[in-house]
Each structure stands twice: as C-alpha cells, then as structure tokens.
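What follows is a set of structures to go through.
In the two assemblies presented below, subunit A is common to both, partnered first by subunit B and then by subunit C.
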Partner chain A sequence: MSLVNFTTREITCKIVYYGPGRSGKTTNLQYVYSQVPSDRKGQMVSLATQTDRTLFFDFLPLDLGTISGFTTKFQLYTVPGQVYYNATRKLVLQGADGVVFVADSQMRQLDENLESLQNLHANILEHGVDIRTLPLVLQFNKQDLPPELILTPPELDEALNFRGLPTFAADALHGPGVFETLKGIAADVLRKLSEGGGGVRRL
Partner chain B sequence: MSATSVVEGWTEGPLVRYVGQASARLVAVMTPAGQVLAQHGFARAMDLMAAAALGAAIMASSGALAQQLGEQSFGALFHAGQHHGIHLAQCSTPRGPLIVLTVFGRETSIGLVELFYEEFAAALRKAAPVSQVREPVLAKDFEADLNRSLTSLFRR
Partner chain C sequence: MDLNPRFRFETFVVGAGTQTAAAAARAVAESPGATYNPLFIYGKSGLGKTHLLQAIGFLALERQPSLRTEYLTLEELVERYNASVAAGQLDAFRRSAQETDLLLLDDVQFLAEHLEMQAELLRLAEAMQAVGRQVVLTCDRPPGEIGELDERLVTCLSGGLLVDVAAPDFETRLAILRRKADERGVQIPPAVLETVAEIGAANVRELIGMINRLIAYQGVSDVPITPDGARMLLTGEVPEAPAAAPFAPAPAPAPPPPDEFSAFLSAVSTTVAQTVEAWRSRVGEAVLRWQGEGYRTRRLEQLLLGDDIPDVTAELARFGADVEELRRLAEEVAAFDPAAAGHACFRDPDALEEARSYAERVKEGVTPPPPPSRGLDFNGYVEGAANEGAVRAAKAVCADPGRHFNPLFIAGPSGTGKTHLLHAVGNALLAARPGTTVACLSAQVFTEELVAALDAGRIEWWRRRYRRADVLLLDDIQLLAGRDRTQEELFNLFNAFADAGRQLGFTADKIPAQLAGLAPRLTTRFEAGLVVELTAPDRPMRAEMVRRLLAARGVAAEDEVVQYLAARPADSARAVQGLVNRALSRMDPASEALTVETARLAIEGRPPRPSQAHAVSATVPSGLDAALGSREKVVWDWPNVGDRLIEELR
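Now for the complex of A and B:
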C-alpha cells in the first residue's frame, strides 16, 4: 500500500515487474536506470545467480519529482520469472501498489506468458487482494524481433488481455515502450490515490 | 535527510529513545513490503529504500523458511561484520506487522541492542494506531504534473 507522509508531503509506491523467465523484466529496470539522472535514482540492487538470472529480485528506487505538491518516490521491483521460484515471487509481490506484466512476444513463449499470468492472479489472491482493484498494465516486449518469430500487439492482446487492461508494445533492450509502460502504471497507481482508499482492496 | 525522520508521527518518540539507549548508528522501521515508516541516520533517501527492501526481503525469506520447517517464525536475526553488526526483527502492532533494521558499531553490543529492541518493540505496540481508511491524497488533475515529472526524469 502506498505510504503517504503528510508532514513532509511525500508519497512512496511499490511497483512490481512480473512475467515469465527471460521476458525482459530486469532489462526494463536496467534501461530505466541507464536513462535517469543520478540525483533522481538510487543504486540498482540485483540479487541474481552467477549466470545473471534473477534469484530474488532487482530493486530500483526512483524519485519522480513533485506531483500535486507531494514528492513522489517509486520503488521498482522485478520478480524471478522461472517457474520454480514461486515462493520468492510471492514474497516480492507483497504490498505491491501496481504490477507491470512483461510478456515475451515470441510465438513459442505464449504458453509461458499464460502460465505466468495465471500464477500472478493466484499469488495476488493468496495475498488476499482483489485483482480487479490492483493497477495492472501489460507490456508486450521484444517487438523488435523478426516479425515471423513474434505475435503482434493485437494478437497478444487477444491472447492475454482478458480484462481490457492498458497495453504497451516495447523493445526494452533499446528503450521503446519502457518509458510509456512506466508512465502508464504510475498514472494508474496515482489515480487510485487521487480517488481515495489509498490503493488495493483486500478480500 | 535529517538524523531522524518519520512518516508516521507515533513512531518518533520510541525511535529516538531506542537510538539513544542502544547507541544504534542506523535504524529503519518498515512494513513487511519494505515501505519505511521511520528512520535514523541514513544520509540519502534512496540508500534507505534499498536497505529497507533488502531487510524486508531477508525477513520474508527467513519467515518462509520457518514455515517450511513448521515454525511459526524465527526470532530476531543477527549478523556480525568486522566494523558493523545488523539486527533484524519483526514485531506485531495494531497498525500491522513492522520490521526493524538496526545497524550498530563497536560502541555498543548485540546484547544491548537486543535488550533495548524489546523495549522499543513494546513502545511501538503501545503507540501504534489501528490502520485507518485513507482520504484522497492527490488532486484529480495530477496527470499534468506526472507527465512533466516523467518527461524531465527521462530527459525527453
């Protein structure tokens, strides 16, 4: 749940990048880290295996600046995508104010995307959160790959977006779509705060 | 950042007392999701957030391990380095569970930190309010500010 300090007028929100293994969650954070001036970001913390697969999470604190008179900070997390890391995925998801689901656009990864999306729903439910009230956006990553290997955004929308969520085509390695995705989830999370109730509804 | 700063005012008195009694160098009081409610001694907000994220992760993973072993939870965790030690513990309060990360040096000892931590946890329990429903925070037209902030953040 977002933390609001009325004395110092500060807001802190937690955003989790979720998705199957190798879909580009860490790459999203690395791109954000590479683009943001040093006075607006903290160190990127990565708890990864020796082969650079995310083991627990990546973490990047960002200072978004002043919004409606509040200094607004976002904490970006990724989860490990591999199926067998579900326990740690569940832990990182705890207390999330918003989720970016990073889907791999490759045709052969469609089943993994669906499995990960179902896993997200199950884990959110286990935290006692009503997923309909949790800000969630979909990113269709790797749209830079050859067209014969990937599904188009409308095809991915048809296959994955049952709830009509905001979607963003992206190439996280080179940047297109990364900023738009972050902007999309930030707007959804902050909109919740502007509506009152402070965030997600618990079941 | 000043030496001690708090997001929720009820944490300030117990925290200031604890820091003085235990001679702690750094303290972060956070939720299990890693959101900081109060801190002492951190120089940069961003360093504090990273420490809180890691502290919450350690507590979460050790709690999950405890469950697998049929334990309700482990008590406090303690790690000793050459120059610094850390003490990590969770306490339940009417506001919900909280995690306290304490970093201390050679001017004190783990025994003193543990002793005063127990008093600190009791003081937090006593002072904590029950969670309340939140009123709207941001103005409805926050999106113009958000666009401006993100544009400057990404230098576009």
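Now for the complex of A and C:
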C-alpha cells in the first residue's frame, strides 16, 4: 500500500485498532465518528453481532481534506478481539501503516492483554513486516473505572510496554484520550515518511 | 536588443511542462548549430518562452564570448527590414543578419501579418542553417497553426525541433513563488506560498503578479499575512474559517477552544507539513541548487515524480558524490585539454560512466586534434587552369592517402584557395573513411597548442594526441619560421607519419625552397613529396566564382554581368568576392537581378555613359587586365583639350 502518492497527491493511512475482546476498540472509533463534523462524515461500517461484539471488523473512513496540497485520508479499522477470529485479524492487519493496541486496564484482563499483544506480534511477523519499523502506540483504556479494579498507567506500562512505545491513558466511552491516541499514531505514521523508505519495512 | 540579465537558465524553474523545452534550449546553447536547428519553442503566453530564449543567448555567450548573438522580436525584425528597404540597404540587412551566429527570434506568430517578411525569414533561416548557424524561435502556437504561413516556411521551421511549454504544475508554481520571494529578499510563510500555488494561476506572469501583490500588501502592513488572508486578497474568496481579515491582527485574540476533531486535523496538518513537504522541499531545493550550478538533475526529478518515497538522504548523498566525481574528472581533464572539460558528460551525473571513460581517453591523448572545417569541400571549390594540377594531386591523395604524394605541399599566394583545398582533402578523407582521425589546423594553432602543452608540462600527452591521427594537414607552414621547437616537434611527427605511411599535407605562400626561417631538414622533406602551385584565378575561373557567389546570395544575373565582374582585375578568390560584394551593395533592394549598370556604378564609381571609352573597355581582352593593373585607375574620358583651353583663356 502506498502511503503517499505524489502523482495523485494523496496521503492514505491505514490504522488498525488491535487488542483483546471487549477492550474498547469499536468504542474508540465510535467516539471519533461522533466528533467528525457532519460535512466530513463518511459511513462507518460495523459488522457486529446482536450483543454488539464485532464479528468481522469496523471501518471508519476519515477524509481530512487537502493538507499541504495532499488529499489526506485516514482509514481506521478495528479487528475482532475474540481469539477465534484470528484469520480476520490477520486479514485486517494486512497493509496497515500503524497499529493502536487498545489494552483493557482492568486487573483481571492483564493476561488477555498480554496474549493479544503476542498475537499481534505473531500476525505482523506472518505478514513479513518488521515490528520495529511499524508505528505502534499503546492505549490503556477504561481508566474511568474504579481505581480498585484497574491498573494505573505506570503499572500497565511496566507490564505491557517492553518496547518503550508511546502510551495514552483513555476513557473511550466518554472521549478523554481517544484523539490523543489517534494524534499519536498519526504523527508516528507520518513521521516515518521523512525517514524515507516508504514507511513500513518488509522483512 | 539587449538580453535581460534576469532571464538565465539559473533563474528558470524547470517543471514537468517545461522540462523538454529547457533541456533542448540548454543543448542548443551549449553547442549552437549542432543539435536542433532551428529550435522552435511554442506555448501560451507567460509560460517562459522568452525566458528560455534569452537564457540560450546568455549561456551561449558565456561559453563563446565571440559568438555573434542577436535577440529580437519579430516586430523588431520587421522594422529593421522595412527600414533597410526604405534606405535601399536590403543587402546590408541580409548580410548582417546572415552573419549572426545565433539568432533568437521572439513572438513569430505575427508572421501572418507580414507576407514579405515570410520570404525574407525563409531565406535567412535557410542561409543560416546551411552554414551551421543557429536559429531559435518562439511562438504561441506550432508553425502549422500560424495562419497564412508559406508552406515552405512551415516545413523549414518544423525541420529542427518543435517543443512546447505547458502551464506549471503545483510543485513548479511553488518553486517559482519561492524563488521570486527569495529574489526580492522577502520572507513569506511557506503556508502562504502554498496557498498562492494552490490558487492555480494559468501562467507564470499571473503567478508573479500574485506574489507582487502579496509583497506590496506586506510592505504596507505591519502584520504578517496568513494563508486565508492571501487567498482573500488574490481571489476575493472568503475562506471557510471565520477569520475574514486578510491579515492576522497584531494582538491575536484567543481562538475559541477548538473541538477535538479540529485539533486533530491541525496536528495532522502540522505533521504533514513537517514531513511530507519537508521531504519534497529537500529534493526540490537540491534540484534547484544543482541546476543552478549547471548540472542535469534528471535523477532527482524522477524521484519527485515517483509514487514511492525514496531514501532521500542516501539519494542526495549519492547525487552529491557523483557531482563531486564529475568535478574532479573535469578538473583533471582541464589540465590536459581545457576545451574537453566543457564536454556535456561532465554536467550529467547520470552519465558518470561516460565521463569516466571520456576523461580516461583525454588523459591518454585520444581526443582528436582539430578536424577540417565542415563547409570547405571539393563541391565548393572552383576548378580551373590556375589550380588544375593541384586539384588533381589532391584528389589522387584522397583516393589513396599516404601512397602517391606524401607529403602534398600546396604553395601559392594569399587568397588563391590553399586553405580551402587543404580542408577539402581532409573532408574527403573523412567522408571516404569514417572513423579516420584527420588533424587539419593552421600552423599558428599548432604552435599555440604546443606552447600550452609545454607550459602545463604535458608534452608527452600532446605528442600522443597527434601521433594517434591518421592524417596531418598543416595550413600556412611559413608561420613556423623561427620557431625552432615547433619545427623540431613537426620534424619528429613528420618522420613518424612518413614511416607509418600516413598522409601529410602542407600549405605555404611559397614553395619549400623559398621558405625562409624553416630548417632545411624540413624543407627538403617537403620537396620529397609533391609540390603543387596555385596561381591567381584566370577569367573563366573568376566568372565561375562570380556565378556561385551570386547564386549563393540568391541574386539573378545575366551572363553579361558575370563577364563584366570576371573581367575586373582580381588576383585571388577573395578579391573576386570583394568585387561581387561591392556590386551587390549598390543593387536596388526591390529588384532580384543585378545589372551591368549597377555593377559598374558600384565598382567604377560613376554613372554609365555611352562613350567610345566604354566601347573600348568592353573590348579590352582579359589578358590585358594584369597589364592595366586597376581598371578604375585608367582614365577613359579625357576632357576635350580645346574646351579646356578656351575656358582658361576666358
């Protein structure tokens, strides 16, 4: 996937929200969608079950208009978090320019977080992408829950962030931290451009 | 008309629409008459045609200061033409026009309105092309679309290279704006320049007009201009954002707290500007810088056109290293042969391999010595009794070089055609045996090259260079008188050539035995070959010369005129040419034919009067010319002595 096309003067970024089931990936997208002005609003595609579990993936196209002469488009995807949908996750990860790992801050979900993170690494590797070159940020979601139920950002950082990635505390349901996360990953993805090599490096 | 110093290649921003035109223009400027002749640049107004045209003039003059360059618009050419017709100086006009080495003619679309000029331009363009002089024209449309244009002129103008210039794209517009702002020494925020570039001016003049307006407004305003302000100022469009004032007010009011999406958008915009555009700018600036230094930047321009983002730092470093190597090679080459250092391959990092092998060849002395002049061949050489033997010998040499007459020594007074014959031999040998190296130069240049080689301590290289030649033809050998070192080198070269059975040819104003100041070991060797003499052209030869000279000028003349001119005393081809020129100078510009009366008026300086004297002059046999010396100095009309006496008596 071409990140920046100088011929058509387009920038297209594919950002995938990854994480364990029920960590709040779709909620992130829904909040972003709710904040987009009506004239820029595209169609958010969500394939969910009756109990609002993501079946395949969510897709939110964001048309940011012309920036520095480039028509800039962001495509936000989520993957189904449930373990048995790994094939779909791999498919959605294909061609991703950046990944947001949405971790569930609840103490009892720590193992699921770790498992999903390992699953992310494995799937990225299967696509032949060097994880060290792929822009990746961590979001510690559900920080609005009672403190006794959740781990603090430093604790989560200690447990999950062994690569020293940018982290964001968030409450996707009400909004805090959602756009900070999106800004963080967007900046990382775009900054890759200045380093040359077209962004993500294949192994 | 003088060239505008602002219009140079260094200040021309090359975009996708002007790439071909700029490359062709540069090629023409680097070697006028050799590549695309004529070069016809067309495109809508304000896209840089005049800029390119004048840039050709500047670069060509920089490289060859002695080049006769003329830049003028079609209207100016028409004015000059009309003035010359009115003053009866059409011939002078034609002569001066045809002697221009590089003619730059702007805005030829107005030719449709000047039918007589079309014929004149056709004549001029053909005459200039015939002798390898360059014509470059600009127009707002291709030749075929200029209404009422003579078909022959369309063919002539289309015969070289037709190249169009198109409107600048976004990047080119941005680059032009940046350069203009830099030229004016004005700081304009990049975002404002981008906004102006986005407005999409139809041509460069409009774009420059826009930036002039910005600069003017900024000059009277204390606050910096904003992108929205610039848009409103230039297009009258009110931007989507609520800020309606063209300029940010000095104490900026606190903006309303932005919603999260706007803040995100703004953050992305900043990042894109810092990354994507920064990358583009780096390559763009490198392109401008290297182009400014005269290097071809095709490789970098390709990067900008590609879909993928390259490793910019590595690409720029590679390009810089290649340029550095080209510089080093050019410097090395310059030490051997300054002219060779100007070779185009030293300006093209993509031609590094070629530059390396070329430099290697130069260092080994493989670059050939000066070749014969292309225009001097046997076709243009008038044969007759005065040069019969010499021409026969020269042709025998061409048929079998190095065998029969080696060396061939052509002796004769100045202007009898020695140089022409020598170069004709060189050209015939080149034509018959492509790939042969023929060194054909004057003894003066030969000496100068030797002195330069001695000065630079590369005498061995100089010797190798000449020893690699297959034929050595030296003109005006008498100029070596007293130059012992050159004679010694020539002696060695002579022996090397003679031993290897390679052809040698010399010319001098006297036969070898009469040449003073030349070592006997040389003169005796010259005599060992074949010495042929050229004498002053006889009347039939002069008649033929006159015929050819008149035909070359496109002037019709009766045989009577030809015979009259041929009968004038002239001891050389140059003298005949002088006579023809004088005769033509008095010709009526409106008439196509030269009459005897005009010729006589021009040469003898008095109106023709029917008199016995003229009758006598017409019957004077040609053989008497030499005895009479100059016909003009003979008094043919003696005053009546009786009248004179009566006058004095009174």
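Note that in this section the second predicted complex is superposed on the first by the 193 of 203 C-alpha atoms of A that agree within 3 Å, B and C clash if a C-alpha of one lies under 4 Å from a C-alpha of the other, contacts with A are read in each partner's own complex, and residues count from 1 in each chain.
In this section, a contact is a pair of C-beta atoms (placed from the backbone, for glycine too) under 8 Å apart; a residue touches a chain by one contact, two chains touch by 3 or more.
Small disclaimer: the values here were computed from a predicted structure and weren't measured.
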>> After the superposition on A, what does A:Thr12 contact: first (subunit B), second (subunit C), both or neither?
In response: first
>> A:Phe56 in the overlay: touching subunit B, subunit C, both, or neither? Say first, second, both or neither.
In response: first
> Between subunit B (first) and subunit C (second), which, if any, makes contact with A:Thr152: first, second, both or neither?
Replying inline: neither
> Looking at the overlay, what does A:Leu190 touch: subunit B (first), subunit C (second), both, or neither?
Replying inline: both
>> Under the stated touch criterion, which partner chain does A:Val36 make contact with: subunit B (first), subunit C (second), both, or neither?
In response: both
> Which holds for A:Gln118: it touches subunit B only (first), subunit C only (second), both, or neither?
Replying inline: neither
> Is A:Leu91 in contact with subunit B, with subunit C, with both, or with neither (first, second, both, neither)?
Replying inline: first
> Among the partners subunit B and subunit C, which is in contact with a greater number of residues of subunit A?
Replying inline: B
> Residue overlap on subunit A between the subunit B contact set and the subunit C contact set?
Replying inline: 2-5, 7, 11, 35-37, 40, 64-70, 72, 179, 182-183, 186-187, 190-191, 193-194, 196-198
> Which positions of subunit C touch subunit A when the two form their complex?
Replying inline: 170, 194, 197-198, 259-261, 263-265, 267-269, 271-280, 304-314
> Given the complex with subunit C, which residues does subunit A contribute to the contact?
Replying inline: 2-7, 9, 11, 32, 35-37, 40, 64-70, 72, 175, 178-179, 182-183, 186-187, 190-191, 193-194, 196-199
> Which residues of subunit A touch subunit B in their complex?
Replying inline: 1-5, 7-8, 10-12, 14, 35-37, 40-43, 45, 47, 56-57, 59, 61-70, 72-73, 75, 77, 87-88, 91-92, 94-96, 179, 182-183, 186-187, 190-191, 193-198
>> Considering only the defined contacts, which subunit B positions touch subunit A in the complex?
In response: 5-9, 31-37, 44-47, 49-50, 53-54, 57, 60-61, 64, 133-143, 145-150, 152-156
